[in-house]
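In the two assemblies presented below, subunit A is common to both, partnered first by subunit B and then by subunit C.
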Partner chain A sequence: MEDICQQYKSFTGKKVTFMILLTVAVFGVALIAISQGPSSVGFKDSFAALFRDAGLAHAIVWKLRFPRIVMAVLVGCGLALAGTVFQSILRNPLASPYTLGIAASAGFGAVMAIVFGAGLYSEYLIAGNAFFFALVSSLLILGIARLKGSTVETMVLAGIAIMFLFSSLSSLLQYMGTMEEVHEIVFWFFGSLSKVGWKEIGIASAMILVPIPILWKWSWDLNLLAAGDESAKALGVNVTRIRMLGVVLASLITAGAICFTGVIGFIGLVSPHITRMVVGGDHRFLLPASALVGAVLVLTADTLGRTLWAPQVIPVGIVTSFIGVPFFFYLLMKKTREYW
Partner chain B sequence: MLSIRELGFGYKTIRALKNVGIDLNKGEVLSVVGPNGAGKTTLLKCIIRIVKPDKGTILIDGKDTSLMKRLALARCIGYVPQNSPSKFPITVFDAVLMGRRPYMSWKPCKKDLEIVAELLASMDLEDIALRDFDHLSGGQKQKVLLARAFAQDPVYLLLDEPTSNLDLRHQMEVMEMISEMVKKKGMAAILAMHDLNLASRFSDRIVMLNDGKIYCSGEPSLVMTAENIMSVYGVEVSINTDNSHPYILPIRPVISSKVKAQS
Partner chain C sequence: MREYVVKAGASILFFCLLVSGYGIIAQATGRETISIEDATGRSVEIILPVRRLVVLTSDALEVIRALKAEDLVLGVNTGIARDPRFWPMLKNRQRVGSWMEPSYELIAELNPDIVIGYARHPSQDMEKKLIPFGITVIRLDFYKMRTLLKEVRTLGRILGKEEEARQLTTWYRKNLNLTEERMRDTDGRPLVYIESYSKYHTTGPGSGGHEMCALAGGHNIASGFSIPYPEITPEWVLAENPHIIIKATSLSCCYAMTDLQPLKSIRDNIIARPAWDNIRAVQGGKVYVMAGDIWTGPRAIIGATYLAKWFHPDFFEDIDPANLHKEYLERFQRIKYQGVYVYPRKVPKVISELK
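Right after this comes the complex of A and B.
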């Protein structure tokens, strides 16, 4: 009996170790990322410029590279967290902000704010509108799940439908927009980190970071939801409430991650699965570890996109799709059993 | 005491339960039997409030459960569903630890871990404690779900067909664990059962449901008669009462018009 407790403790110890390693990885990749760029500010100079005002290098690091890195980490965390929450709440391994079309509708909200809010163009309007549309399609998904059951097939089909709807609505806006607006909008379709400044980071981090402690506190409820509504109810979970609020928070996070960078696909789908392979399904570990995995993925993808064909910059969304699509197929193939 | 009074519940088109009343004392094992669709599962779901009854009340020691918080109810009543679909990996230890959720805060304390470890040891699940729940056999899964309900430390235990899909040995093991736990901890259990022989052997009382109503109830020997089984199940049986409990041997199904004529 002592034995089992001991085994379990070393088992959780391993999960903590994995998270520490991931944190180190985030900083490691960030250090590499900060030394890469079209200007010749190298590793040592850029690191020094982070802490010391050294003219041009300081400006490049603080105005161009550092915000981009911070945003990449935020977006990665956000998409991965939202994906994890959607997967548990809908009890569906193929759920994620991207595959459910929620990212596309948040993107449409942002684009709409840019086009129609031209006069009162503001970051808050973009973020708010993105959240509103993310919420609308999340609730739609939740409604479909309630009526038709949250089977893999239903959710993926509903997601495709929603994605098409909002992509074409975005295209319509693009078609109607002026040249200038079109230029603003285009990068939404790829997902790009090239336009973020500290103000955007402030808003996005509020939308992404505030829900985290709440979701983390619900770890056990999410564990139980993943085990089935009936068991969850019998163990005292207010299933309807957690599901509703969970979807609202996940939509907020999605909107925060999408509204200034455009749709970056597959991170929300891939990160939870990779993480589950290592730490298992316990949300106390799954949520933070998956957020870290997402951060590493987006940061790596963006750094690759910036350096592979430098000085040509490939938008991060295109790079993540190259990683994500094969993984998506892998998950579909694995579906021979009902369990993932 | 758990009292169910005049319970009624209907799905969209079917009235699943009509005027059901059951009293359950501590220390008792009660089996609910009846054909498919008789309302066994619905009855359990109403008690644990997975579905909300349309009519009637459920009292625990005189307290109306519909006024209790879900969490408080979870400390009183444990529920083992028929199947627990799991789409994501979870270890056996964590699956049982979930049973402590009504008591624990975010981080399980030493006591929670010890309770789980003790249960796993006593139920012979030690070796698979860190295995993935979904990779277990049907019998092992059922034992894990049972362990979760025990970890919940409830007074009343509801089990939905705990022996279906189990091999002979696991059937016996699971039934013995239930009746042992009930006697040892002064609990009470309601079992929805298909196997009439297991039900007669391990229950203090049996409630026979037919079409959402209680057809008859009482000690196994009173309920398990050839006439009752004929009119509820439409099956001709012979009953052997050589042992202390009735043993039912099914012979053949009977055409339903004939059943009606007899009953």
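Right after this comes the complex of A and C.
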């Protein structure tokens, strides 16, 4: 018995250490990111500018570099959290904001605003529409689940069908669009953190951060859900409610993360897996650790994307896959036991 | 081995017969054939006269109207229906699908002599699908200033409208020369940040915007880049500190627009971007918005003249690009001059004027 307690403590210690390391990594990469840029504001100047309240260096650091870093962290956390929640409530390792059609429908919202928004041109129209359609798709999934029962299969299949529906609708609008519009649509789908400022961060953070305490509170329920619907129900978990609300909250987070930045792929799928391989399936650790992994990945990808080929930027949506996939493969090869 | 030789011989013989047969038919019907080079650099044989056209690009359609050949057009791309005022005569022609992926069945049914598309769009499928119907596919871009005049002449030959093509190219050349001449006297080129249709995407070498900027006497701050439409960071623009910012918008149907507000709000958003109040262009109010209609395409000369006036106001004081546009629309397109294409219309003298 004592042995088990010791093992539990040691594993918990390992998880806590992993999370501390991730936090250090987020700050480390953020420090590098804040000192990197095409202007002459270098390492020393950028830190000095952080504590000054005027001048060009201050403007560059506070208005351009810092918001970018904060948004990268927010988007990374948001997508990773949404992915973790989707995978857990649907007990499916392939679930993510992308496989469930949330990103595809947000993309359709953006495309719609680009093609039909002529005359009403506004970045907020694109972001608002993307957000609206992300929620529409989650409501569609819920509607189908309500009619046919909120089983895992129904929801995953409904999500996949919705993904195809909205991808096709986007293709249709793209097909109808002019050369200029197609140009703009293609770049929206690459994802970019250049477009965000403090105002956008304010809106996105409300959507990403508000659901977090609720998800955190559900940690035990999500743990029980992993044992199957029957067992979870037997232990007092309201499976239907958690599944329905979980879809809404994870969709809200996804919508908040991508409506201003465009599609940043892969993070929602891979961050939960990377984290599970290290910390296991206990959601008290899995949720925050996964969010931190997402933050490190997006922040690293964006920093690399804007420095490797400077001043040209490799869109963050492309770089996330470049750094995420090899790392994921490495962990997959190294791992000997089943982790899911 | 012998079998291969026989097969190869038979194939060559068949090909020769095909070519000579084609020539004989053309001669027998008394129709002249010409060989032209299209935008992909390939040589295309065309039997004259060309009487039936399907035009998939609005750029080509505009040039065809300038050559007074719109009567020959049977089919157009579906997109032109979105700008009916600009295409009063052509809006009701058979729509054959998008410029990227038209309906080959509809085109085959219309049985045109030639179909005109962009060099890269639609894909090579178009040739595979339409050549068996005896339809010739020609690819002409009409959106690159470098090749526009050559393409207009080519189209003039194809349509038997050499004189109209000559008039258009002469007008174009005259205005190009004027811009170039004035440019010789200017001292230095202002630094220009050009923003393409997407936010924080500029135009590097290989893009139409870069070409126009160079022609108008500006130094594109992205001229050292290696890709045509790269994403950049707002900090880079701040570090380069351009004298002038040009924003090309994907707003379409500007011909039907009367309200300046959409263009103004795009400009206001640029001025309000975080930390951009430190950029010379923003401080001096030299942030201009240009509609896609005159940004590249057959009307690029008008866009380039606006740019030249913005870059070197003292040397172009007597030139009003709006007049040039009016002349083009009324003389070559035979439609009334209207619409909203740039904002602000005047070169700002002092910042307070703009506020």
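Everything below uses one rule, namely that the second predicted complex is superposed on the first by the 249 of 340 C-alpha atoms of A that agree within 3 Å, B and C clash if a C-alpha of one lies under 4 Å from a C-alpha of the other, contacts with A are read in each partner's own complex, and residues count from 1 in each chain.
Basically, a residue touches a chain if its C-beta (ideal position, glycine included) is under 8 Å from a C-beta of that chain, and two chains touch if they have at least 3 such contacts.
What you see is a predicted model, and the numbers here were worked out from it, not measured in a lab.
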Which of subunit B and subunit C A:284 touches, first, second, both or neither: first
Subunit B versus subunit C as contact partner of A:45, first or second or both or neither: neither
First (subunit B), second (subunit C), both or neither touched by A:5: first
First, second, both or neither for A:114, with subunit B first and subunit C second: second
Which of subunit B and subunit C A:302 touches, first, second, both or neither: neither
Touching partner for A:180 - first (subunit B), second (subunit C), both, neither: second
Contacts of A:67 with subunit B and subunit C, given as first, second, both or neither: second
Set intersection of subunit A contacts, subunit C complex versus subunit B complex: none
Subunit B residues within the subunit A interface of the complex: 45, 48-50, 69-75, 77-79, 81, 84-91, 93-95, 98-99, 101-102, 104, 106-107, 113-114, 116-118, 120-121, 126, 129-130, 134, 152
Residues of subunit A defined as touching subunit B within the complex: 1-5, 7-8, 11, 87-88, 91-93, 217, 219-220, 223-224, 226-231, 233-238, 276, 280-282, 284, 338-340
Subunit A contact footprint on subunit C (complex, rising order): 58, 78-79, 82, 98-101, 196-201, 204, 225-227, 229-236, 238-240, 249-253, 257, 259, 262, 265-266, 269, 273-275, 278, 292
Subunit A - residues contacting subunit C, complex: 37-40, 56, 59-60, 63-65, 67-68, 114, 118-123, 175-184, 187-188, 190, 192, 194-195, 197-198, 306, 310-315
